[in-house]
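Each structure below appears as structure tokens.
One chain, chain A, links the two complexes that follow: it is found with chain B in the first and with chain C in the second.
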Partner chain A sequence: MVRVKSRYLLCELNVSDRSSLLLLDDRAVAATVKAAVARIHGDYGAALCSIRFNVKYLNAHTGIVFLRFPKSCYRLLWSALPFITSVETRGQKIPCFLNCLHVGGTIRTCQKFLIRYNKQQLHRMLPTCKTKEEENQVRKAILNCSLTGGSREAFEDEFESDEDEEE
Partner chain B sequence: MSAAKVKMREKKLRNQPASVQYPSGSTQNGGDTSVTGSGGGDGPSTEKPKNPHQRSGWVRGHQRDGGGYVKEMPKYITAGAFARARAAEVSAMLKAVTKTTGSCHVFGALPKHMRRRAMSHNTKRLPRRLRDVANRMREKSLLAGSKKKKEQPKSKSRKARRRHGNLLLEFNRRQRKNVWLETHIWHAKRFHVVKKWGYCLGDRPTYKCYRPSYRAMSSHCLLQDLSYYCCIELQGEEQKLLASLSQLTSKEAGPTFAAALSLSGRRQGSVVVYKAGQYPSQPLGPVTFLWRPRMQGSTHRQLWIWAHPTIKKDLLPELQAVCQCYEAVVPPAVPVVTPAEVVPTLKTEPKPEKTSDCKQVTGIKRKRTCKDASGPPAKKILGDGTRSPTTPVTWRSSSAGIVINDLTMEIVRYRLIGPQSHSVLAETLEAATDCDEINKSQPSSLWWPDHCKDESKMNVHKQQADVYQILKGIYSTGELPSGAVLGLTVDDPRLTLPTKKVKALPCVKQAQEVDEENRRELMLRGVPEHCCQSYLWERSVRDNVTDNKISEQELNRMRSEVLVPGSRLSPTPLQGRVPILLVHQPGKQVGHEMSSWGAGWDLLLPKGWGMAFWVPLVYRGVRIGGLNMSLKHSQNKGAPHFPHDYPDCPAGIRFQEEQEAELLDKFKRRPPAKRTNYIKHGCLAPFRCPWQQLAEEWELIWREAGEERKGNSPIQTTTEAVEEEMTLHRDMTVTTPQSHFTVLRNIKSLRLLSGWCRPTTSKGQRPCRVGQLPPLDRLTATSFLTAHGMNLVWVRLSLLSKGKPELHAMVCVPTAEDLQLLKKRPGNRGPQEPPHRDHFKNRIKRRKRGPKKAAASSAKTEDKESDLPSVSEPDPKSSSASEPNSTTSKEPKSSSQSSSDLIFGLWPDPLPSVTSHCSRVTLGWVTQGDFSLSAGCGEALGFVSVVGLLDTLVNQPREHRGMFLLRNPASLHYRFAKINIEI
Partner chain C sequence: MSPTDKKDKPAVYQRVVLKNASPYHYMKVCLVLEDESTRLSAVDLKQFIISGLKSLYGEVGAALTFDLLKYDEDTLTAFLRVYSRGLVKLWSSLTLLGSYQNQACAFRVLQVSPFLLALTGNSRELQLD
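Then we have the complex of A and B:
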């Protein structure tokens, strides 16, 4: 097929203090990545990074980031990611590093991987829970993760919303 | 981004998870939790992750003051919060993954390998679980489509529409504005139909047949439906009728209503009708008329006046005025003369109904009441395009005892043109057969059995049939005396319909002595008077025949029951006897060549029988012509065609306006660069002929010349002089009240003119009677012109060499040099007009270049002008000040309007002098011009100013007298043509 091809990197932001994770926002992350690339690869890298680089998604609670790079040069840009040691956001410098979990050709594959990964994480968490309450919560979360309703309900929802829009 | 794009994008990204982050600018961390559904916090997480459309939890991009956010950050996190955050993320991702982006169709739910193209229109191809959704979606999209199309009215099925009753209703609906003739459907399948004069008329056939039609006219037969002509019936005492009608005509213009031959009913006459007592001025138009032959011992007469539908509007009030028939009779008048005691027994039933209908005024819609109520509702056999259904059709005068009856659409009229039209008639029609004794004895509702009982009537019928038999033996239609009338009763022509189309040929062989004698008698004397009688004149018989017509279906059924298939139906059904009138139409009466070209017969039928006669006629190998062909017919005959060639009649004036609008519209449709620049061609009015201006200008020229002659100055006819005079006296001509121009129709004057135009007739034939005329010189011309100053005269011009004259070509006067040139080289091609300059081009360009500037300047001038009067005036009252303001502001507007009216290539409206605009003085214009197939050269018919004509003739040398120049509007080339006034 004829299209502009990209690579999507699914990264995990690891921070020492979890609460500081909540301070993150996508612009800060983008700026940090750009700066790192510029530092490592110079002007050439900075230029490459400015073309179609984008932070597609950031979850401040879990520290998951989707980065988009152009396919032609993603390896070069990727090689700069380990050099990130901190993200500066809202006047604070958060020490962190990026852990790349998955590289995908479409955002969809990354999403699919993320689902699998998160489920795995939750399942791993479950035996390590200390209190009963915690366990319950995790169990509930796991149940929530698996969609049982099927796609039909989802469609109906969609329709209703469509109709609302029309009116 | 456009709104649609935004919407599309939103739709695409609806299912995509947005980044989850806290808004910037909130640095303080207090409180316990955020309210975000996905979010951490163990507190009151009211949001349900199931509700995916709640935006509060998942916000894409930056929102400065995102609604519903709590600014505080949590201090610590728990495992539960961690787990919940993961779970929320997973569900968001799941949603994004399961639901495809982009297309909102249900296919998205299907993996690619299961998708099929046919699913898009056939929901049954989809898996069961998706069908409901898809169906709903389809309905929605259909609804959306219909919203745009505005809900087309649901039409019935074709079968229902074509059902007979519904079809008739539909036909009636379509005839509301323009009425159809009885042959309309036949014509509509084969002709280009135009809506004219309140009717739908066939203009020309869709197939190519110009030459075949001409050949049919000159050697076989051409058929036309002239039922749109309006018939007006006048009844009353002969003397009174003649007295009142004599006001409309004048003996000077030829035979009138009182001409002896016509009055006896043996000939059809034609006259030009004028407004009462206005003879030379205010003509109405030409009509033909037919008197009913006299009854024994009765002075009561019946007269039919056949007029074109465009005259009827003017003619009918005029007739009412001269006959003093103002009393409208609402119910249809019962014919006063009822010699045949035809009492239709069945007719009595529908009659009271009809009259009661008529009293309700709507009844005159002429919907035939159906005999059986179960039949299709009210078939409208006919209507009328020239009047509204509510107007009365009959007027009676109490004093004179005259009754005027409007018989429009009551009688079908077909015209057969060509020398063989009588053989076509002879083959198609058969004189009615007598009915046998059994039928005679029984009382019947039909008219024919009653008729058969009467011996004298049968005698007349027999004589008529004999005459009809003799008619078959005649070689050509033109041999008969023009306008002869023959009444006849014939059998239903559908009974003798040939299975194949055959060409009717004359049968001249049976030349026995007695026959020969009879034939000569017929050719010389015409039809004897008592044979001109027909029962078509009787309204009761007409109605009876119309009502009792056998339907096509019934006839076919009867045919199918015949023992030998294809044989003739016998005995002939009683209903199939139709009274008809055959009226001979004279052919070319004027001129010397091709005399009686295009003669033919008119067939007059009672209404309702149109198609029954039409198809059998067509099966005899005739050509069918439309309006176009009737124009060519009269053109070849050299006769003026109504309403094209009657510029002085109201109908003619109306026609000219219509024609101008039509031609102008056609002209404007071309891009300016591709248009003919008529200004450069020196053509002032390519789309209309300013006859009035022409007549006035020539009148003035003549007067000037007369004055000069009195002053012993040399006569000036050169163009420069004329132009000077014109420029000098233009204003005067405009201001002086002038009489309206008329067309010269005085026979004596026409004869005189015609004689003066020779010695050059169109083909160089020398006429025999030159000597009788007074010689043409200035004195006689002056005396002639005192009577006919503002007149135009109908002339025929035939070109000497090449060239095809077109509509509105100019007739010009050749100069002395031109005639010299012609003398030297007879094959000379004719002079050229030097190209003119287009002064208006710049104006148009300027206007185009700076429309804004012009508008601004005009506005400025407007302001100035509007300011001026208010300044000059002391304006004591605001109202008086405002009044001149408004008037002055109007003027520039109108001027700007006139400049906007400028059309590239056409002269703007106030025309300069039409006579002296070109290097050759203009005499008149051509109204019909074409290559004449009968003469073999270009021929034109048109009008010239009498003054100009005489002025030129006087000055022309004798050998070139009658030589003129003709120039097409889109050409610079003058062609020599001979002028001819034919009477």
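Then we have the complex of A and C:
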């Protein structure tokens, strides 16, 4: 009834070279987003960002990030995300861009979307497989997630290893 | 309503309220500096206000279009015009501008109106002889 509402932005971090993705951590991404918001929206934006902004989840293998913003100003802060060109971490600047896939009111709805999205990505990956072994792995992963009662974590791990195999 | 009613009714008091009547808002502002003898040109003043917008509202704020319609260099009084949606941003950044080239300064907002004609008269500066 009375509850503090936030918006969770499901973003995908696209980098040109996948190995540099593994260097990222949530504090680096948070600092980058805050710096971008401060540059684009000034002191007002930086203040809005300090209220309830957080990086809730970062998957270094797939580059999926969950960003949490307060519901009252999420659109303003969202508008600063396209201006991010690189993430600064451990002295290195990794050029990348953030692609927002979904906006949800809770982490659970974002996760549900992420599972559906990953399934679609697996289906899309199948025709582009180069070796028979990869194709078999992707088929197994698809079968795994289509069967009822298949555990969610198992299928997500399959997806990560498939992503690495692809490259 | 019969015709006799219309003739007998006295003139009715009508109040017309215009909301969002004008797309622009006009402000008359005066810059007060610590050192009274500094002079700014019109371009300097506009650059100064843009820097204030940039520090408070970032790149998006600095892109807010406003016009310096008239400027009096001796009294440092200016007429600004801004779209009504940008009035709050402009006014708040004028309020928070504190220093010009290392000297303390303040913007005094003398008049604000959606109509330029309203800025011609000011009852505060009225001289009754």
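In this text, the second predicted complex is superposed on the first by the 144 of 167 C-alpha atoms of A that agree within 3 Å, B and C clash if a C-alpha of one lies under 4 Å from a C-alpha of the other, contacts with A are read in each partner's own complex, and residues count from 1 in each chain.
Throughout what follows, a residue touches a chain if its C-beta (ideal position, glycine included) is under 8 Å from a C-beta of that chain, and two chains touch if they have at least 3 such contacts.
Remember, it's a predicted structure, so these values are computed and weren't measured experimentally.
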Requested in this report: Report for A:K119: first if it touches chain B alone, second if chain C alone, otherwise both or neither.
Outcome: first
Report task. Give one of first, second, both or neither to describe whether A:Y44 is in contact with chain B, with chain C, with both, or with none. Result -> second
Query raised in the report: If you stack the two complexes on chain A, which partner ends up touching A:S16: first (chain B), second (chain C), both, or neither?
Result: neither
Report summary line: Max touched-residue count on chain A (chain B vs chain C) belongs to chain B
Report summary line: Contacts of chain A common to chain B and chain C in the A-superposed view none
Requested in this report: Using the touch definition up top, name the residues of chain B that touch chain A in the complex.
Outcome: 16-22, 24-25, 27, 29, 38-40, 49, 52-53, 62, 73-91, 93-99, 104, 106, 109, 129-130, 133, 136-137, 140
Requested in this report: Show which residues of chain C lie in contact with chain A when the two form their complex.
Outcome: 54-61
**Report entry** In the complex with chain B, residue positions of chain A that touch it
**Finding:** 18-19, 22-27, 55, 57-62, 64, 90-91, 107-108, 111-112, 114-115, 118-119, 121-122, 125, 129-130, 133-134, 137-138, 140-142, 144-145, 147, 150-152, 154-159, 161-163
Report summary line: The residues of chain A that touch chain C in their complex are 38-45, 79
